Amino acid sequence: MNKILKHAALGTVALAACGAQAQSSVTVAGMADAAVRSVSNQGVGSVKSLVSGSNSTSRIIIRGVEDLGGGMSASFWLEHGLALDTGAAAQATQFWDRRSTVSLSGKSWGEVRAGRDFVPTYVGWSRFDPFGHIGAAGSNNFATATPNGPIRSAFGTNPNTTVRANNALQYFLPAGLGGLEGSLMLAAGEGGAVASGLTKVTGLRLGWAGGGYGLSVATATSENSLTTAGKFKDTAIGGNATLGSLRLTAAWRKFEQNAAEQTNVMVGAIYSMGQSDIKFSYLKANMAGRVGTTVIDANDATQMGLGYIYNLSKRSALYTHYARISNKGAATFVVPGGPAGIGGGKTSTGYEAGLRHTF
Amino acid sequence: MNKILKHAALGTVALAACGAQAQSSVTVAGMADAAVRSVSNQGVGSVKSLVSGSNSTSRIIIRGVEDLGGGMSASFWLEHGLALDTGAAAQATQFWDRRSTVSLSGKSWGEVRAGRDFVPTYVGWSRFDPFGHIGAAGSNNFATATPNGPIRSAFGTNPNTTVRANNALQYFLPAGLGGLEGSLMLAAGEGGAVASGLTKVTGLRLGWAGGGYGLSVATATSENSLTTAGKFKDTAIGGNATLGSLRLTAAWRKFEQNAAEQTNVMVGAIYSMGQSDIKFSYLKANMAGRVGTTVIDANDATQMGLGYIYNLSKRSALYTHYARISNKGAATFVVPGGPAGIGGGKTSTGYEAGLRHTF
Amino acid sequence: MNKILKHAALGTVALAACGAQAQSSVTVAGMADAAVRSVSNQGVGSVKSLVSGSNSTSRIIIRGVEDLGGGMSASFWLEHGLALDTGAAAQATQFWDRRSTVSLSGKSWGEVRAGRDFVPTYVGWSRFDPFGHIGAAGSNNFATATPNGPIRSAFGTNPNTTVRANNALQYFLPAGLGGLEGSLMLAAGEGGAVASGLTKVTGLRLGWAGGGYGLSVATATSENSLTTAGKFKDTAIGGNATLGSLRLTAAWRKFEQNAAEQTNVMVGAIYSMGQSDIKFSYLKANMAGRVGTTVIDANDATQMGLGYIYNLSKRSALYTHYARISNKGAATFVVPGGPAGIGGGKTSTGYEAGLRHTF
């Protein structure tokens, strides 16, 4: 067995055998990311912790592609999230929580993909967040079920579809349409309860990318055992422009459920010089309307994020992030990892320093 | 990316070491399979869903063999089942639920294998099912704890030993005995409760395969904390004959516990032409005797299965399956994935279309 | 390392890239170990079982190293424990329970490591146990929460830090200090409950190894939601000497919590001849002081262990172990796997025979 192996792409390794008949490959890849974090919540104190995945979510990916000939290919992707600080699976039961899909693709007609994956609106929002929707300063801090708003109203504290959906069938436009990109998602509700992760989703995304500019429009509608009084609607619009070493982004996302609305607005910037990246983001969450009879208009919040990343290589980086959330009214958004029990309208501040390694 | 890849064997990739000293290999292999399914249960409606593993169970395998010299080898096999539709582990706690074994083998004397694995009767039945005991039309639909019969009586709704057993020690005859094959299983009950997956099993299989024909006889006896009034007996007999492009199979399996009996009979056919396979199966479940004082004689059922598989390559296939179950008496066998609450004696119908990819 | 990887160390396989551009590697390695065991507990009978990991814990490791140039490297290590007898994950939620770390290392200054890992005192004890702290005759039999003593007092039956700690930041001395080795651990308590695996740990180890001799001194202090009346202290001192084919070891470890003390003393020997190893160990657990108002002084125990290992290759071995535990007073230490309910002061005896395969 004279196997000679070569790695497929940066940060991934093809686990493969060599030779003329080359037909298959399995790639084991992933991310190991840990940081020291300190979070202060006004009025309740501060907590120091070791956290996982602040620059890039700690994960293991097992994936592969088979060339079927004639421009066709079959592929699969299994991605497991983990907490590097404790060794815990991000989801014990839903082990491959980050993605589990099988696809049939054609160079001319695109890709049909089945399984758990990102919803189109998440794709059309997170790409415009300099912090990638994670860590102390990620925009995920404003996409939670706490405080009460349309997300809590539509899903309770059960799994929601603001990031991913189970039981999804997707179609993706092919590459090579002059920058045009797009996808369609239909996820089966299967007549079950949202507590079992079952939500029916219909979603769509259209975008354009090229020449240093990008634009994306996406929408998704979710229906489950809790949305009997009205579907959950999620709309995301965003754009980016690259000016030399500076990448600027802006995005808007609205969650709606019955009379409750939450509108998130974000502007971001990444400035790169040599091995360093400097990141900035500013977010605003605007609550409006009512949940039941409770008026939520006053429960807004803003978040300011700063980051400095020092790239040791293309695969590894040291980083530090800072975030400050200012709540108004009854809003209780927080930087994750602080002490519980923050009061409405208070401030949450966090910073972290860590190491991210891509494998 | 000038990857030069060679797959070690169909659908598997050897993750191997380079150079002359290479002595070992770890293989990561598996299956990604998803389908759209619709199931109608008479009187209660229908459900559409995305399902996993209808043509071949979605899984990840990590395995390897070490050549010890002199015809001897050591090997291991870890196999994890997963639900591709949701990313869930098939069993969160029993993660390597499909197989976890270590073996010592000798070319002349066979193999001693320790760990969780298939019971001999399952091996001697499932190989004769054109649908491989899975999916809408698999014979697994008639090997369940519902409705009440010997399986339910011996195991309740706890893990049963109709497919696999924990804590097993097995011996396998070596290859090269002119077609003769066989195995012996002893699984320790460990004095524990069936709710903890503990069942003592004694099993045996003898078979012959070659020249287009095959025959297998297997038996297994299970004893656990619920079988105090009598052991659970499982007997499977089957055969196959290949006539040109046509493979015909027939099998018989009987489950017994005290006064309760369930006899499953199956005939099957696979016709291959070019890249296509057409599959057919007919099953009958015959209940007899009593569970406690409840007479179960009338609770029989039949299942008819049809399938069409289009092989895109040796590793990937598109497929569609159809199944119809007709219950009698109080029998409530169903095609999986339909709405709950079917009444006794009703009909369950399902069809599905999907993609199976071997990696 | 110019990235043509053979297997990095005995029993592992580098899944690696060959050729000039090669920059990365992921290694999948591990252990598959199963044995037949019988344990008799005086007064309550005996149980036969199949067990996992008696010679070396069954596990899967995914790890890799990236050369950053200038003597620096980034690396990660994920290690999952499993029960080969049943296919169960050792910890369903804490899947990567054995280790989950990311590191930055420099040849001149050492290593900074973040994540779940061994505590320094465990490292400074287990290396002197001929049975590696596992199996029928391992010294782990005397480091349990039963019977009541300082471990139970400080952790209840929750996860304890006698082996590993979550949320740890560690520093390791570099190699090449003439045999000197050492590490420092700070694990964050994160203000949480010990039931969630949260314990603050401060630990330190210093050792010297070389020329056939070794010495290690380690200490660790743990603080959690149960140690409000006083921290848990753990001290381990050990040494070894190699005399030709004979390796002799001696070690001492003390657990303290408030007025309760447990002192474990161990002497061990491994004699190697050809493909065979003979192992011997003698342990004594000495309880002293009180837990609450209960005096535990009389609850001591001794364990005698014998082992014979036949190495089939450098990666695979057949083995057999024997252990006998003699309890005094209310002590109820047992060889794992026997029937429940042993009385205080009784004897527990176990033997096992198995196969260990390194991959």
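In this document, chain identifiers A, B and C correspond to the written order of the chains, with residue numbering beginning at 1 in each.
Heads up, the rule we're going with is that contacts are C-beta pairs under 8 Å (C-beta built on N, C-alpha and C of every residue); 3 or more make two chains touch, one makes a residue touch a chain.
No experiment lies behind these values; they were computed from the predicted model shown.
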Interchain contact steps from subunit A to subunit C (minimum; 1 if touching): 1
Size of the rotation, in steps of 5 degrees, that lays the CA trace of subunit A over subunit B: 120
Interface composition of copies subunit B and subunit C: same or different, split at half: different
Where subunit B and subunit C are represented by their mean Cα positions, the distance between them in whole Å: 38
Subunit A: positions in contact with at least two other chains: 4-6, 14-15, 28, 92, 95
In the complex, subunit C residues that touch subunit A: 15-19, 21-26, 28, 62, 64, 66, 68-69, 72, 74-76, 78, 91-104, 112, 114-116, 166-169, 187-188, 190-191, 197
Of all residues in subunit A, those that touch subunit C in their complex: 4-7, 10-15, 28-30, 32-36, 47-50, 52, 60, 82-89, 92, 95, 312-313, 315-316, 318, 337, 339, 354-357, 359
